[in-house]
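You will see two complexes here that share chain A, one where it goes with chain B and one where it goes with chain C.
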Partner chain A sequence: MPDVGVVEVGATWAPAAVAVVAGLAVAASALDGALAARSAGRPARTGLSAPLDETARLLRQRRRVTVAADSALWRAGGGGLLVAALLMVVVVPLGRFTLADLPVGIVWFNAMDVVVWAAVWLAGWGPNSAHALVAGYRFLALALAYELPLMFALTAPAVAAGSLRVGEVAASQDGWWYVVQMPVAFLVFCGGVVAFSVWGPFSVPAGADVAGGILTELSGVDRLLVQAGRYALMVAGSAFAVPLFLGGGAGPLMPGWAWVLVKTALLLAVLVALRRRLPALPPDRFAEVGWLVLLPLTLLQVLVVAVLAVGRG
Partner chain B sequence: MGVTEVLAGRAVRRAHVLTVEVPGWWLARARVESAAVARGWQLATSPADADVLAVCGPPGDGLAAAVERVWQQLPGPRARVEVAGTDLGAAETALTRAAELLQTTGASDTPADHVPPGQHDGHDAGHGAGHDSAMHGDMAPAGIPLAEGADDRDGLEMDVLAVPLGPILPCWPGGLVLRCRLHGDVVAEATVDTLPAAAAPADLPAAATAVAVARRHDAAGQLLELAGWDDAATAARRLRDRLLAGEAPERVGTDAGRLHQRVSRSRTLRWSLTAEVRDRLLGMLDGTVEAGPAGAALEMLPGRVAGLDLAGVRLVVAGLALDLSSAAADA
Partner chain C sequence: MLSDLVFWGLAVVAVLSGAYVFRVDSMARATYALAVSFVAVGAALLLMRLDYVGLVTVLMMVMEMAVMAVYMVMFMGMNPALMPMSMVHGNRTAVAAAVTVFVVLGGGVLLVDWPARRGVPAPDTVAALGEALMGSKMLVMMAISPVMIATMVAGIALAAPRGRYDRFGDDLRERASDPQPGGVGR
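Now for the complex of A and B:
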């Protein structure tokens, strides 16, 4: 195994990783609050306290039970988003340090994003409510369209680096970040992150036309968990894009870990802002795009990357 | 000051308001939305999401009963306020009162979990058809009869869900109830019901043109919200609020044109909306479509929504921009 300089730190550092994810999630929520305030004609700074106020509101609000709810699965689904996000972050190296330097780190990330399928669907199934259930199935329809392109987008950097180890993929981008070499894979990956975070153009499962969808019947701390989970997933996805496409900790002056954080924050900000720009994509129509446009494009991307990799020998 | 008060203070800064639009009282609802957004409050999407229930106008008996059931579904701490006028002052007074109630309401307020089935107006559904309520012991878990089956539009046997849309549903015409029988999320058939107001607003503003233009933008905002484009919806509501605040339509014109341009240029919207709905939306923004009395549109509604999925139904209904003030009065 080549020495790529990734050091596995002990599990005692896990709380620190959680704190970093939480910090970035709060920042993302504050940014969204500020953008929302600005578009509503109020000063942007008045929206910055959105995460604090909303958390206080939801901590104060009571939990709620619906008739014949499948409570266990409902709660599992709601908490599952946050758990999946944290498990994704486990394999992301922060500069030289990582919690788990898995030989199949990329597959691990992919497995966790499939866990999100179950979590969102269960959040829709649990409350025994028509709107939530419809929303759960809407997510599955979206997922059927975005997941395969996302999987192949994840494959591209792995093929180029000849490794599924996230640290090695980051180290193999010597001065030539994969975002330049494989822009299609990068864009599809970002789309996938937005989709599994149920955000912006992919927020139909939480849409106004189904009264909030998976959120319809959620209140109090249960709602807080789901909302925090959505932001955390977006954080985890942005963080994972850094070693995969954005050169990992590479950058001048600052140490590697700082560059990873900066790059993550920048990508996260772009994804958060995307919500203002685009209307929602209906799942039935998006399926066509996913299978007929994105999937062939990503396959082509992997082909190009593979030919280049073979050419390099 | 204890932790509870600090938490309450923070929470009230971002209260979520669920509005109930009584037919004919759209203006009161628009004022509440405007006053809420000005405070940094949010518009709730469902009873579970709401801290404040703002009843805009005096509901008739049927609507009042629905309000009562939805009130039972608010998780609490919660506040219910009535908005008795269509001016901004009435809305602001009501929300100030709601803020006070929320701040002080604590453990004394009893929440209602376990709402009995069939009492979830607009947001939840009892399984099966309403008229077939015979209980069959284990066949009716939690008192809800199991769903019946029926052939869907493709000839597959599907469970049938009876789901009422409205009367209390955001971005939905006040007083309208669409009782749908769903196969999956596709509406197989629907019947229309209207719940009247107890009285019409007495203080309608005189500047009729500006109000009509504001009304169009209100309808466009609802349609954009349903299409999942919050930002454009917010822009439409801002235009509405400026018109209602007394700005001349000519002065608002430039920004209205900008919004029209932004919406008409959106390739996503052109692709995601049906041509009919998109034309209605653009018409609302440029003035070729007016919100009008429901009458004939209401009679044709069941035929128009049959075979559409829930998203399609919501968009079609919002595109009609129904005004039920007269229809509900006849009923």
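Now for the complex of A and C:
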């Protein structure tokens, strides 16, 4: 039980955190490759090498350049996804250990997921290409619909724990995980993670109907960065759900850090698998769903949580 | 010492990227240069242990700039994406105003006899700031917020090109006839 509080480890552990995120991102990509191979009628194991194949292919590919591209903004956008994901995991406690035990860790995560808005739009704007630009706008339209429900979903565990400190939120769910107490907030949070990773139902900014959208003109290492960034964002989001909704490092037999990794991996696998189960949501349709359905639902969820918190004293 | 260096680094980034806003010829670059400036200010606030205020500055400003870029590109006719355009207008007045403000503020910094510090910072600066802003003004805030919400709703209702009578007919009983269908099937 993580009731001893959270220990801040030094910045020398940051490369280890990067390695863990990278490992999980590669695993997610391999799982997606396996699922893709299976749905194409091949044995699933033939798709497991997808991340390696794709990395090798992209690293050898020559960079394609478009006319009058704004390279500075384009690169900033492409690299920004990975940077935002890595900054997100800074506040996620791995059992008892965390890189930064910020008193406002939840707001930190929220600020980083807003950085994704800028990054995706810039990735769409940079190449000076119509399809990519359309995709950038599509993402912002989706973002305006998913962000407020996501913010209230993040508020719910903070209200229940009476703290914005991620470690305290994890420690406050003693045998009574917040996913049970606030299922709506958990589902909306997962939706938000899928959305800011431009994945599954929220993948229209990278959709085939706009020739790959933000990915249209990306090639070589730039494309590798964006794809890695999308997987890393999904890893960071899954990892953040663990202290917020899934009891942090709580669990029998294994130490806290192992449970955090297991829970992260399980949630990540579910999110990756969703891609082939759900249809893509056009932004114009989702706007109304976000504002008329999800936002009131999350507000009600926060109300219920707040009443329970007041009742507990 | 280290935090002094970081602070000055952030200050230089904030000022330079703020100035860069007026040097570039692209709406997107100007907007995101401003975003960088705000992020540097937010990070400087983090240095002062104003964690919440600093992070909210980053959060709100990046979001605002992302949306602002859309509006700027939308409203500035002639597609500034493809056509470089100057980011300044009313040059002389602006320069005069900027120089005056700088001289007055800078002169104030140098000439004013700064008092020595009395007391110590509160242990929780964010809570102290919240108390100072809201403590005695809670009633005012409670009264203002419904007025603000009503203003926003009224503003949107006035600005919306199609109101509910356009959508549902005079007696509000018809099925909505929208050029673009919504997602919840109304």
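Definition applied: the second predicted complex is superposed on the first by the 309 of 313 C-alpha atoms of A that agree within 3 Å, B and C clash if a C-alpha of one lies under 4 Å from a C-alpha of the other, contacts with A are read in each partner's own complex, and residues count from 1 in each chain.
Methods note: a contact is a pair of C-beta atoms (placed from the backbone, for glycine too) under 8 Å apart; a residue touches a chain by one contact, two chains touch by 3 or more.
Source: prediction; values computed, not measured.
S.K.: What is the contact status of A:A68 with respect to chain B (first) and chain C (second): first, second, both, or neither?
M.R.: both
S.K.: According to the stated criteria, A:P201 is in contact with first (chain B), second (chain C), both, or neither; which is it?
M.R.: first
S.K.: If we overlay the two complexes on their shared chain A, which of chain B and chain C does A:S49 touch? Say first, second, both or neither.
M.R.: Touch status of A:S49: first partner only.
S.K.: According to the stated criteria, A:A40 is in contact with first (chain B), second (chain C), both, or neither; which is it?
M.R.: The answer is first: A:A40 touches chain B but not chain C.
S.K.: Kindly classify A:G220 by the partners it touches after superposition: chain B alone (first), chain C alone (second), both, or neither?
M.R.: After superposition on chain A, A:G220 lies in contact with chain B alone.
S.K.: Considering only touches as defined above, state whether A:L253 meets chain B (first), chain C (second), both or neither.
M.R.: After superposition on chain A, A:L253 lies in contact with neither partner.
S.K.: Could you figure out whether chain B or chain C reaches more residues of chain A?
M.R.: Counted on chain A, the partner with more touching residues turns out to be B.
S.K.: Which holds for A:P279: it touches chain B only (first), chain C only (second), both, or neither?
M.R.: Only chain B; A:P279 stays clear of chain C.
S.K.: Tell me the contact category for A:Y137 with respect to chain B and chain C: first, second, both or neither.
M.R.: The answer is both, since A:Y137 touches chain B and chain C.
S.K.: Let me check the overlay on chain A: which residues of chain A are in contact with chain B and also with chain C?
M.R.: Comparing the two interfaces on chain A, one with chain B and one with chain C, the shared residues are 68, 128, 137, 281, 284-285.
S.K.: Contact residues on chain C for chain A in the complex?
M.R.: Of all residues in chain C, those touching chain A are 26, 28-29, 32, 35, 51-52, 55-56, 58-59, 62-63, 65-67, 69-70, 81-82, 126, 180-184, 186.
S.K.: Touching residues of chain A toward chain C in the complex: what are they?
M.R.: My answer: residues 68, 70, 72-73, 76, 102-104, 107-108, 110-111, 114-115, 117-118, 121-122, 125, 128, 133, 137, 140, 143-144, 147, 164, 281, 284-289, 292-293.
S.K.: Enumerate the contact residues on chain A facing chain B in the complex.
M.R.: Per the touch definition, chain A meets chain B at residues 36-37, 39-42, 46-47, 49-50, 52-54, 56-57, 59-68, 128-131, 134, 137-138, 201, 203-204, 207-212, 215-220, 223, 275-282, 284-285.
S.K.: Which stretch or stretches of chain B touch chain A in the complex?
M.R.: 6-8, 10-11, 13-16, 37-38, 40, 45-46, 48-49, 51, 73, 75-77, 111, 113-117, 120, 122-125, 141-144, 161, 163, 169-171, 182, 184-185, 224-232, 234-235, 238, 266, 268-269, 271-272, 309-311, 314-315
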